[in-house]
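Below is one structure, written out as structure tokens, with a few remarks after it.
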Amino acid sequence: MAAEDKWKESLPELTEAIVATYADENGLHHLNRRPLPSREIVSDLVHDLLDVLFPGFGRRQNLHTQNVEYYIGDLLDNLLDKLSQQIRRALRHDQSKRLEIIDFEGIAQKKSVDFLRRIPTLRAILKRDVAEAFEGDPSAKTPQEIVFCYPGIEAISIYRIAHELLKLGVPLIPRMMTEYAHSRTGIDIHPGASIGPAFFIDHGTGVVVGETCEIGEHVKLYQGVTLGALSFPRDNEGKIIRDRKRHPTLEDHVIVYANATILGGETVIGRNSVIGSSVWITQSVEPNTVVVLEKPRLSIRGPKLNQADFYSI
Amino acid sequence: MAAEDKWKESLPELTEAIVATYADENGLHHLNRRPLPSREIVSDLVHDLLDVLFPGFGRRQNLHTQNVEYYIGDLLDNLLDKLSQQIRRALRHDQSKRLEIIDFEGIAQKKSVDFLRRIPTLRAILKRDVAEAFEGDPSAKTPQEIVFCYPGIEAISIYRIAHELLKLGVPLIPRMMTEYAHSRTGIDIHPGASIGPAFFIDHGTGVVVGETCEIGEHVKLYQGVTLGALSFPRDNEGKIIRDRKRHPTLEDHVIVYANATILGGETVIGRNSVIGSSVWITQSVEPNTVVVLEKPRLSIRGPKLNQADFYSI
Amino acid sequence: MAAEDKWKESLPELTEAIVATYADENGLHHLNRRPLPSREIVSDLVHDLLDVLFPGFGRRQNLHTQNVEYYIGDLLDNLLDKLSQQIRRALRHDQSKRLEIIDFEGIAQKKSVDFLRRIPTLRAILKRDVAEAFEGDPSAKTPQEIVFCYPGIEAISIYRIAHELLKLGVPLIPRMMTEYAHSRTGIDIHPGASIGPAFFIDHGTGVVVGETCEIGEHVKLYQGVTLGALSFPRDNEGKIIRDRKRHPTLEDHVIVYANATILGGETVIGRNSVIGSSVWITQSVEPNTVVVLEKPRLSIRGPKLNQADFYSI
């Protein structure tokens, strides 16, 4: 027996030991079930939809008034098939414990068409988002640069797609889409959040917008901002209660600077307010309020320090 | 001579000038050396291993009790070859200054088999991680959603794989794996950290867990949490001393909220303690302690402010 | 008519409704225009350039003194074509409103060659960056590990490439490159920032370095650090004024620890200073200053707390 074969002798034993751990019905596996939506196809769908929302900025160049209808018509034809197939999978997975026969295919097709009917409205909202970004960021040279390069616009666009699908009752896929955006941009917006138009996130890495946030119009967030929950209420058995408002409300024209943290379902930041950088806040503030941190204590040391000693405090 | 050729005339000169900078033996190159592990194959291995750990959630759908053994057996057969080839490269690179003849192939094969023997134990730990995540996050609808969508579970799973390889004495590859997870999730866990079961990271972007952290059971971290080092001790020649405990210890049932920073190798956060959002702490705290920031100073301005003036403080 | 056909009946109507929204000349589209640079080719160019800067660490293994000149010569030949094609697209897009005839091809070729002439200088700077990283991070085992695994070095290298292209007057592509790095590493360095050699970013997720920052030599940043702007000055019409220094200056040998925020164009952090973790600062500090947060208020609670109550403060 060759050396390589000897080493491979352990393969059956390894396989058996691992497969034995799959027997537990509550284990970490997805065996004997209808397939989940495909991560690859869902992220492909996201790019198709971004092409529809921002034609000429995406994968297909050289679009013009004469050819764009053919391109979009063909793209939508494919998109309808892929989207309704993935929605069908998500619905079947979600309803796998029900016994009655459900026409998942018909429902998925209807939801796909209903979703695409909302594209013109989505484009009108995104137009206001892009205008707000250009108005608010001095380092942007043109609005085109914002659509083409800004991760904030990418994350917001994908959130708006996912939010519409969630409102149509599509399970799983909205979360897959926003997690795809999260992976690409570091911006984590739950598809359940409610966010008005003219929304802008600059830089964006580390931003978290929780499921039950309510955000008005013309709101601007910087990197590292958390709109999160305080402690979670629990029922008599100690289980956390889901589906309650746990995240803050930001009224119109609020600005939240880098790394600020706003927590709690009853926290309301009044309109025109500004939450300064690194502020941590769990209480409501009136409209037109500015909240800033006090200046830090300065600890000054002599000019001949060894760099290694600087931070040993 | 065509215009294009004229422009390309500078090619030999450009090449020569650049290649001349490679002559320095201490330069930024990896010439005349055995190949490093391949980034592409290592990230492919990560996905193979996630398929083994969570069958049916990954690249292969439609697995069931009857076909899963064939699929896993075949996957492991390929995985053993790829893993032991990459470990061989990593070992050879790490030992490139030694003169004696070492059976890198045999050692790599043994380490690969030893690693795969630990998969059932890893699955048992990950089961507790997933249960903790579902118990702790009201926005998760099913445990399947957590395995399928949560970047925290992806980062923890890849850390647990990498940590086992590190314990088996595999160089470089564990760090490549956790940096792959870092790139995808924004969660940076050093493979050397020691982390108990039922560990959960929510949202996760910006989390840093340092090399010498010790984390107990049932610990929960939110986005932006740093478990880091204070200043680094240096030897008599001013060189930093490596391999000393530089990062904090978190006992069982500790929760650390968003953007908190805990620093120092002698810092111990006692069991059941809670470190609040945005807290910066370099000292130990007793068990059952809650550490929170004071409320921020409120600076309130009149209702007729120009938005541009809000933040000029 | 088959069921599938019936469902697809809405396709022409959907297409028409969406395409109608493209008519607005100020809409979110890029129709009837010269093509933008390609995201895929620009990210491919980044990897080609990283191969030239760090030969043997990238996509091509087994390089040695005898074959490296052929490999690099061939790579540069292709790189010149791709780079000058993309620069031509970026220039044409930027100048699309001018009427005179411009030799975009010739200008793009010249800029490409000029850029590649700077590679040896870039390598000399990057050598100092890598040395600083190895000197400053106890968890790195070898300098090779830093080049091969550290996202900070990847982000800094891509920033240095982008910054040279920006100085040569190349539009759009520098920002595309740094946003590509941002997506991979969570580190967002504007290509316009000016950064001296021996620069190191550890971990890096959430770092933001603004367009008009000036950073000296031997500066070290940790994860989550923002070097940002205060409010933006506006002209008489209320439009923000672009192209003014809005971001801070860090002199030589400054260290900024995790999640600190330094804001304002007139803020200067004097040489040898240290800004502690989570500090928020908008004023200048003298050389050799250490700025740290005060210790947080400790709120200690009894040993029999229900975990759900811990954070309801």
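As written, the chains take the letters A, B and C, and residue 1 is the first residue of each chain.
We take it that contacts are C-beta pairs under 8 Å (C-beta built on N, C-alpha and C of every residue); 3 or more make two chains touch, one makes a residue touch a chain.
Bear in mind that the values here come from a model prediction, so they are computed numbers and not experimental data.
Visitor: Examine which chains touch each other and state the graph shape they make (line, ring, star, complete, other).
Guide: If you draw each chain as a dot and join those that touch, every dot ends up joined to every other.
Visitor: Do chain B and chain C, two copies of one chain sequence, contact each other through the same residue numbers, with over half in common, or through different ones?
Guide: different
Visitor: Determine the centre-to-centre distance between chain B and chain C, using the mean Cα coordinates as centres, and give it in whole Å.
Guide: 22
Visitor: I need the residues of chain C touching at least two other chains; which ones are they?
Guide: Within chain C, residues 186, 205-206, 224, 232, 240, 259, 276, 278, 293, 310-311, 313 contact more than one other chain.
Visitor: In the complex formed with chain B, which residues of chain C make contact?
Guide: 52-57, 61-65, 68-69, 72-73, 76-77, 80, 106, 109-110, 113, 116-117, 119-120, 123-124, 126-127, 130, 135-136, 138-139, 141, 144-145, 147-151, 184-186, 203, 205-206, 222-224, 230-234, 238, 240, 258-259, 276-278, 282, 293, 295-303, 305, 307, 310-311, 313
Visitor: Within the complex, which stretch of chain A touches chain B?
Guide: 7-8, 10-12, 14-22, 27-33, 35-36, 38, 93, 171-172, 175-176, 179, 182-183, 186, 188, 190, 192, 205-206, 208, 210-211, 224, 226, 228-229, 232, 240-244, 246, 253, 255, 257, 259, 261, 263, 272, 274, 276, 278-281, 283, 285-294, 308-313
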